[in-house]
Amino acid sequence: MNFWNDPLKVAADWLMGIFTSWGMNDVAAHVLVAFLGVLLLITILMVIDIFLVWIERKVVSRFQDRIGPNRVGPFGLIQPFADIIKLMIKEDTTPDGADKVVYNIAPILSMMSVLILWAVVPLAPVMLGVDLNIGVLFIIAAGSIGTLSIIMAGWSSNNKFSVIGAFRCVAVMVSFEIPMLATLLIPTIFTGSMGMNAIIQGQNIWYVFLSPLAALIFLIAAIAELGRAPFDLAEGESELVSGYNIEYSGMKFGMFYAGELLHAFTFGGFWAIMFFGGYRFFGLEQISPFLAIAIILFKALVGYWIIMWVKYTVMRIRIDQMLAFNWKFLTPVAFVLVMVTALMNALLRDAGNWLYITGMILSNIIVAWASLEIVRLVSKKERERVEGLKQVVEAHH
Amino acid sequence: MNEWLYVGLFFIVGLIIPIGAIAMGFMLGPKKPNPIKQSTYECGIEPVGEGWVQFKAQYYIFALVFLVFDVETVFLFPWAVKLGQLGMFAVIEGIVFILILIAGLVYTWRKGMLEWV
Amino acid sequence: MIPLSWYLILAAGLFSIGLFGVLARRNAVAILLGVELMLNAVNINLVAFWRYGDVTQMAGQVFAIIVFAVAAAEVAVGLALVISVYRRRNTVVAEELDLLKW
Amino acid sequence: MTGEHIIFLIVGAVTLLSALMVVTMRNLVHAALWLVATLFGVAIIYTLLNAGFLAVVQVVVYIGAIAILFIFAVMLTRRQAADTGVSVNKNWWAGALMAVLTFAGLAYLLQSWRGFSKTAAAIPSGFDAVNQLGEALTSPAGYVLPFEVASVLLLAALVGAVYLAFNKK
């Protein structure tokens, strides 16, 4: 057992030795070591979060043909720290008539709902986090706490625009939770477990090759859940000035902002875990846990990059279009996909690997094609109806 | 039990870190409140009326449909976990369950309740 | 190990508080909040009996799940009723909804 | 007194206290938020009972959906940010008496039951509650019918609620 093969266990044993030699009892020492481990992980996450700000600004500026931060430190790397200091020394205002307690709890809950997600993220074969047997549902549970924090923030600010922003945001977030839940059923069906590590271990073939449609729907639902463009209706600048966090300033606003970025990164990670093999990459993860961590962080970063790519490419969608898109297209397709996958899984389970993969991909393609065909026909009819109306109007003139 | 203790630690640390950050911001920042600074923001004009508006019922409809779908989809998870070891009967059962669910969506759709008007 | 009695007493306390809410509140939404507390108390009991009996018999957990479904249905219909009443009578106070008393 | 006992006592006290806040708060949004705290306490109680799946379902269904629905309904049915007038009806003392009597009666009945201070056997190793639950919900010998009926019940609730709340009149 050396440090490079299982760093956490070595460090934990070493700390346990120290604490017990101080006369602490075994359980207390164990809890304290676990506490320090969690503290370390979350501190690292906050540091990653700071750099996510830099990555975001740098990538955006490249998309928009600019250079981005480049003055403070090499490549502007110190810029996010300057941002943090600016946020910290800003005045913390509380609007008149705000519900002070709820107003102050909301940003804390918002950040917490993101940080606790990392409890179930397996970083390496020897660092599983908490390997809950209901890991998949834990994501949704944490998401509901985030939803609640948005309602609290919007309602307690005593501002019409923040209340409307919060309500719009929550209506969208909860709506898109349904296709997300449905697509999370698909890795669960393939694996026969809701545990994150079991899902990763089950991916001898990445699930994205078994069910590309599910991966796509999950990504779309995740983007909406994150409240990022093109689904960022909570912060329609022209209509709602900034959405639910309009009355927040200083570090409280910083918590919402940092929470949003870390949330996007985390969902990049979940996307990688569910559909792209998590920390696995052709056996490389067995060489060293550090390599495994590098693999999953890289995959999460790729997911984050794709989310940014969508954000800065696609324009914002109106709320009615967005909800119609979810309830009339995404949700039915997701549920049909679940039914087809369950059926194919039962039929092809004993048929051998290649037949199974081919059948799954084919069924995915058929579902995607059929749903797009239906949309095409319906929209054609709608176009004809509108054209007909136009002709009637013209005939009148 | 034991594994939930670690989750509990994540909750505790997840609370401590933002509280610490906000407290730090509170200590470092200036505190010079005045009535104009503290009035709520309304695009630069004086706030009109109170910070409460009548909501349209549409928000409730989406929350309602969401509630029903949420509850039912969550119940499908134990089914999905066990599906690999069960026969065709369980698959049909799950499909019937989902079809009943979709019937509700179709009803809401046909009543025109999914329109944002 | 925590004895069963602790859970049962907690559930009984929660149930009684919920009952008070149902009997005493004027606002119809608040009455529904009380009903939620009572349903949760029942669920604690069901899960506790599952854990303290034979854990391989899943009846307790299945019942708890059915109670979740019932709670969701109750909230959906209950709040829809409240909203419907509010739109017609412009009040949500249960005492003022006395049309059937006349 | 082990760590588990201490956690139970703290969580139980917080749960009961927030339940009291739910039934006494005048501001209904506050009451709904205290309800969230109560429900979260109950979720922790579930994890103490080794029912992790139910704990997560509790958070997803109750906090993520039911509490949100409550807050939406409060927003839809209120003129002012705070309720005016008393929050309890004039028979509130009878309700309080009834609640206390119920609690006393339940406590009396329970303590005379011989299984009252039973302790639980350890969970058998390799026991997977979610797997067992899947089995129970889908096997014909198990609870297939309640499972399907629950879905029909929710369908009926959806249809009824949509009809009730938004029947244009």
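A, B, C and D label the chains in the order they appear, each numbered from 1.
Assume contacts are C-beta pairs under 8 Å (C-beta built on N, C-alpha and C of every residue); 3 or more make two chains touch, one makes a residue touch a chain.
On a predicted model such as this, the values are computed, not experimentally measured, just so you know.
Enquirer: Which one chain sits nearest the middle, judging by mean Cα positions?
Expert: Measuring from the global C-alpha mean, the nearest chain centre belongs to B.
Enquirer: Between chain pairs A-D and B-D, which one is joined by a greater number of C-beta pairs in contact?
Expert: More contacting C-beta pairs are found at B-D.
Enquirer: Please name the chain that ends up farthest from chain A once chain centres are defined by their CA atoms averaged.
Expert: Relative to chain A, the chain whose C-alpha centre sits farthest away is C.
Enquirer: Based only on mean CA positions, could you tell me how far chain A sits from chain D in angstrom?
Expert: Spacing between the chain centres: roughly 28 Å.
Enquirer: Determine the centre-to-centre distance between chain B and chain D, using the mean Cα coordinates as centres, and give it in whole Å.
Expert: 18
Enquirer: Roughly how far is chain A from chain B, going centre to centre by Cα mean, in whole Å?
Expert: Centre separation, chain A to chain B: 14 Å.
Enquirer: Quick check: how many Å separate the C-alpha centres of chain A and chain C?
Expert: 33
Enquirer: On chain B, where are the residues touching two or more other chains?
Expert: As it turns out, chain B has residues touching two or more other chains at 3-4, 7, 50-52, 55, 57, 59-60, 63-68, 70-72, 74-75, 77, 80-83, 94, 101.
Enquirer: Could you say which residues in chain D touch two or more other chains, in rising order?
Expert: Correct list: 4, 48, 50, 52-53, 57, 60-61, 64-66, 68-69, 72-73, 75-76, 78, 81, 129-130, 133, 135, 137, 150, 154, 157-158, 161-162, 165.
Enquirer: Using the touch rule from the top of the page, what residues of chain C touch 2 or more other chains?
Expert: 65, 68-69, 72, 75-76, 79-80, 83
Enquirer: Sort out which chains touch which and give me every pair.
Expert: Pairwise, the chains that meet the contact rule are A-B, A-D, B-C, B-D, C-D.
Enquirer: Flag every residue of chain D that touches chain B in the complex, lowest number first.
Expert: That would be residues 4, 44, 47-48, 50, 52-53, 55, 57, 60-61, 64-66, 68-69, 72-73, 75-76, 78, 80-81, 130-131, 133-135, 137-140, 144, 147-148, 150-152, 154-155, 157-159, 161-163, 165-166 of chain D.
Enquirer: Could you list, by residue number, the parts of chain A that touch chain B in their complex?
Expert: It comes out as residues 31, 34-35, 38-39, 42-43, 46, 87-97, 104, 107-108, 111-112, 115-116, 118-119, 129-132, 134, 136-138, 140, 157-164, 167, 170-171, 174-175, 177-178, 181-182, 185, 188-189, 192-194, 241, 246-247, 250-252, 254-255, 319-320, 323-324, 327-328, 331-332, 335, 338-339, 342-343, 345-346, 349.
Enquirer: Per the contact definition, I'd like the list of chain B residues that touch chain D in the complex.
Expert: 1, 3-4, 7-8, 50-52, 55, 57, 59-61, 63-68, 70-72, 74-75, 77-83, 86, 89-90, 93-94, 96-97, 100-101, 103-104, 107-108, 111, 113
Enquirer: Hey, which residues of chain D end up touching chain A in the complex?
Expert: Residues of chain D touching chain A: 3, 29-30, 33, 36, 52-53, 56-57, 59-60, 63-65, 67-68, 71-72, 75, 81, 128-130.
Enquirer: For a test of understanding, state which residues of chain B touch chain C in their complex under the given definition.
Expert: Those residues of chain B that touch chain C are 57, 60, 64, 67-68, 71-72, 75.
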